Amino acid sequence: MTSDSALIPIVITAVGPDNVRLVDPIIHYVTGQGANIAEVQMYDHDEEALFAMLLRIALPASQLTEIRHALAEIGKLKKLAVRVWSPEERRARPRLAICVTNRPETPLALLRGIRDGQIKAEPAVMIGNRPALRGLAEQFGVPWEMIGDSEGRADDERMIAVLDQYNVDYVILARYMRILPPASCWKYAGGRIINLHHGLLPSFPGPRPYHDAYASRMLTYGATCHFIVPELDAGNQIINQTTFTIPPGMKLDEIIRIGQEDNEPRCLAEGVRRVVDGEVQLHFHRVVARR
Amino acid sequence: MTSDSALIPIVITAVGPDNVRLVDPIIHYVTGQGANIAEVQMYDHDEEALFAMLLRIALPASQLTEIRHALAEIGKLKKLAVRVWSPEERRARPRLAICVTNRPETPLALLRGIRDGQIKAEPAVMIGNRPALRGLAEQFGVPWEMIGDSEGRADDERMIAVLDQYNVDYVILARYMRILPPASCWKYAGGRIINLHHGLLPSFPGPRPYHDAYASRMLTYGATCHFIVPELDAGNQIINQTTFTIPPGMKLDEIIRIGQEDNEPRCLAEGVRRVVDGEVQLHFHRVVARR
Amino acid sequence: MTSDSALIPIVITAVGPDNVRLVDPIIHYVTGQGANIAEVQMYDHDEEALFAMLLRIALPASQLTEIRHALAEIGKLKKLAVRVWSPEERRARPRLAICVTNRPETPLALLRGIRDGQIKAEPAVMIGNRPALRGLAEQFGVPWEMIGDSEGRADDERMIAVLDQYNVDYVILARYMRILPPASCWKYAGGRIINLHHGLLPSFPGPRPYHDAYASRMLTYGATCHFIVPELDAGNQIINQTTFTIPPGMKLDEIIRIGQEDNEPRCLAEGVRRVVDGEVQLHFHRVVARR
Amino acid sequence: MTSDSALIPIVITAVGPDNVRLVDPIIHYVTGQGANIAEVQMYDHDEEALFAMLLRIALPASQLTEIRHALAEIGKLKKLAVRVWSPEERRARPRLAICVTNRPETPLALLRGIRDGQIKAEPAVMIGNRPALRGLAEQFGVPWEMIGDSEGRADDERMIAVLDQYNVDYVILARYMRILPPASCWKYAGGRIINLHHGLLPSFPGPRPYHDAYASRMLTYGATCHFIVPELDAGNQIINQTTFTIPPGMKLDEIIRIGQEDNEPRCLAEGVRRVVDGEVQLHFHRVVARR
């Protein structure tokens, strides 16, 4: 619990079609409220007419509702997608969206970690672009939302609508095999999207890291849990990495089995725990340990 | 010439030891003046306690002197290094600093281009970390400033002081063989530092691009003129590229000779001309052609 | 014309399921004939039971027929795919296979270059994995062989059979959009397969080099003509590179148009001419200019 | 112990100034002895007039002395550097050269592993390009040979002479901070040179892997023990990899300490054990597990 007058960090994201309408009304408003600006990032996707801004400020907790209301008004007026979020609001038990495709191991590890109290979070919703894991959601009593068509193509706008609707704090990509478009990354920017890559970054960044590493006859395999930061490749955004080493001669099937059943779930569950427990946070483009 | 009431672009850079003192007073001031914020970038170098900001705004030309004065005051008060610059101020004849080490070909191309009217700029100062090209400066009647010690190590703070003293608009690194530290890049951020790399980026980015390309038996060699953008590798910041192709079997010496005597000078002179004539500009992290 | 007793270079390639049966009988035979071994390379594709060897020797021209006959016998006996080839045999007018998919510009440049006498070669056959360019083959009176199924998948064994049937000296991949499997590369190893990559290697090696380079806002675009060497990425195998530079702001469509219609044809036609005229050759893994 | 008539693998390396004199006499001789050729590799360093060959054959153990003698004669006659080696000759207790610079941890791990019987090998000689670890050699009663000048530059020819003189089977680079020239790599080719890289290849291949990984805020660090194969970067040649993962926020000093004192010694000692115990071997360019 935070006392009303203590300063809390607030993350504001805005996405819109040009930069002037995007930045000015929001900056005017928050500086008018006496906010200190701790971080500001802007980006344009010129040819697509997509401008985005991230603003990190500090304000008394008591002002959160008011600022959220005011910025929603500004958003409506200026046709901006504005979001106001504070990691403190549901610090004790943040709400997670677990996004999945076909593989059950990593979402299962999260759901068990939550059930058993190691991950102190609320499994707000499971989102799939494939129907395969609906049963897993039902088994754990978590709402299931399907956002994929018959070929697994994701409706990215619907995903954002679902995240908003369920009041999600953190979006966990648990072997979710689709790439989020820049607009989605910006809307939930500020250290709210957490991905599991099933390889040991920065090596083997592609979609088939086990196969690529095996083709190079690697003896170490691993997984990487990282924040997704718009416009940047993962690198400085690593939250957790776990590895396993194999003896020469082990077959690819066996390596993948160890990776998927043992290493990846362990990597993601511990990574999400670090975020939920507030041990790490995104500071500008880097993960830092919280004091 | 710009009429006093027309909006002109203004670039404000600030470098300081923490982010709150850095951003807030400047943003407060410029938004208080009614400025539209066209771009804002921030960066931290955490372990070094170096925060930096770039702000691009539009204001009537008549306010430039006032805003420069006011921000100088804020800088003094908050112990920030603040700079206010507009590409419009000396649009007709911007002032160049030509930074050099040992090779005379590219600075010579600039000085001749200026003399002959192809590059409509003022050669405000030549800056060297080695004494080799002092004679060239004298020959063209350009002030010479030495910033290197006996082993060629550059005094980066002195370089900035020289740039400020000579009221420099653009800093041209004409085979200047030292790397500018982040603080220098930020202080002259916003498309004011122009580098010549003697290889064809993105290939062969190292310090010996001719040798590296030759070791791979390349048949095309080239040079790249680009803006230096803090924190980013050159890529989207390319202003000009020129190439030459060779027949199989040409020796490295001959390749280097063609590159240094013919290709590099041509590449840099045309790149600087494009900037000086306002044909290109840096828009966020990318070079765009001006309409 | 080569006198019968002069030594000529002979390239022997062999592909088979294990290494002992592959190497020994061939080496025994050729050393028994008094051949000097100028180069020998071996490779295994362990898990696929594919072993391959390249042997470069020198023997009197008069022995070529005999050695070809003897090694064919050994191949039959040991179940090896053995090929014996000399660049001298049809030096005056080597036979080309022009392999294509959809784009007509580069094969057209070759056919015109041959017709007009700039490329002193015989267009032995055009091979397509798509039917699009059959008309071009007919227009120039070149035999057309279709090796693709209805989705453009190539029958790689049939391609080799066609190359053998038409007595092909050099295989030209003229925007042929399929990757040759290692077995095919080995069977025509020794500097006989020439590819056009529509980007400036080593940058942008992927299948969409124009798009990739454009996404990085490059101002230089190019094409690379290179030998395909089994197991190696192109690099030291470059035969020709040509480039064009563009002003900032040029649209992708226009860039692709210049590249495809002007730059690529020029690059490939000159590259093939260099090979046909014997100006370059593959020496171990590198292209060298012939004295 | 191998019975005299059983076939044993024999590795022949030869280095000389041209390719004809290099290959032919050796191939003629060994095929004349009835040897099966299991592998043959050749390479040229054109501009340096350095040709090299590796030949792997199988012959009865009883012929080893004879073939060594005969090839030494050929070498003398043709001015070639020829070496004949079999991993079987001292299979029970191969002789190691431990090459070092300044860091004591990895050589110490080897010397202890040998003393305690985990590594069944003979520490034939310690070779240093710096004098720092002479005391360590004396402590374990191992002959010490200094090959560096006052600035640590290594006399590579002297290193080879020392290896020959001490009848070394395997050369272990235990944080030896010099690069072996191609001629040295070829002379001891065939899986006899084992390096410890203090990073997790293929990431961070440079000379300062801890610093590079730290700059990217990695949470996994590691070491790689691999065969050095002439002309190739390590990749498929990995013998052992070990890693450790750290919590966010750990300082670089502490990471390096863990890496150097714990992880590197463990990685190298186990890697050398695998080679000495014959669990792995180099097959063409790849490490394979021995059946």
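Chains: A, B, C and D, in written order; residue numbering restarts at 1 for each.
Just so it is clear, a contact is a pair of C-beta atoms (placed from the backbone, for glycine too) under 8 Å apart; a residue touches a chain by one contact, two chains touch by 3 or more.
Computed from a prediction, not measured in an experiment: that's the story for all the values here.
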**Study point:** Chains touching both chain B and chain D
**Key:** A, C
Revision key, fill the gap. The angle in degrees, nearest 5, through which chain A must rotate for its Cα atoms to match chain B is 180
**Study point:** Euclidean distance of C-alpha centroids - chain C vs chain D, Å
**Key:** 37
Practice item. Please compute the C-alpha centroid of chain B, do the same for chain C, then give the distance between them in whole Å. Key: 46
Point to revise | chain A-chain C separation of Cα centroids, rounded to whole Å | key: 48
Point to revise | Per-residue multi-chain contacts in chain A, two or more chains | key: 286, 288
Review point. In graph terms, with chains as vertices and touches as edges, which category applies: line, ring, star, complete, or other?
Key: ring
**Study point:** Chain-chain contacts as defined at top
**Key:** A-B, A-D, B-C, C-D
Check your understanding: Which residues of chain A touch chain D in their complex?
Key -> 200, 202-203, 216-220, 222, 235-243, 245, 247-249, 274, 279-280, 286-289
Revision key, fill the gap. The answer for chain B against chain A in the complex is residues 19-20, 23-24, 27-28, 31, 36-44, 46, 283-284, 286, 288
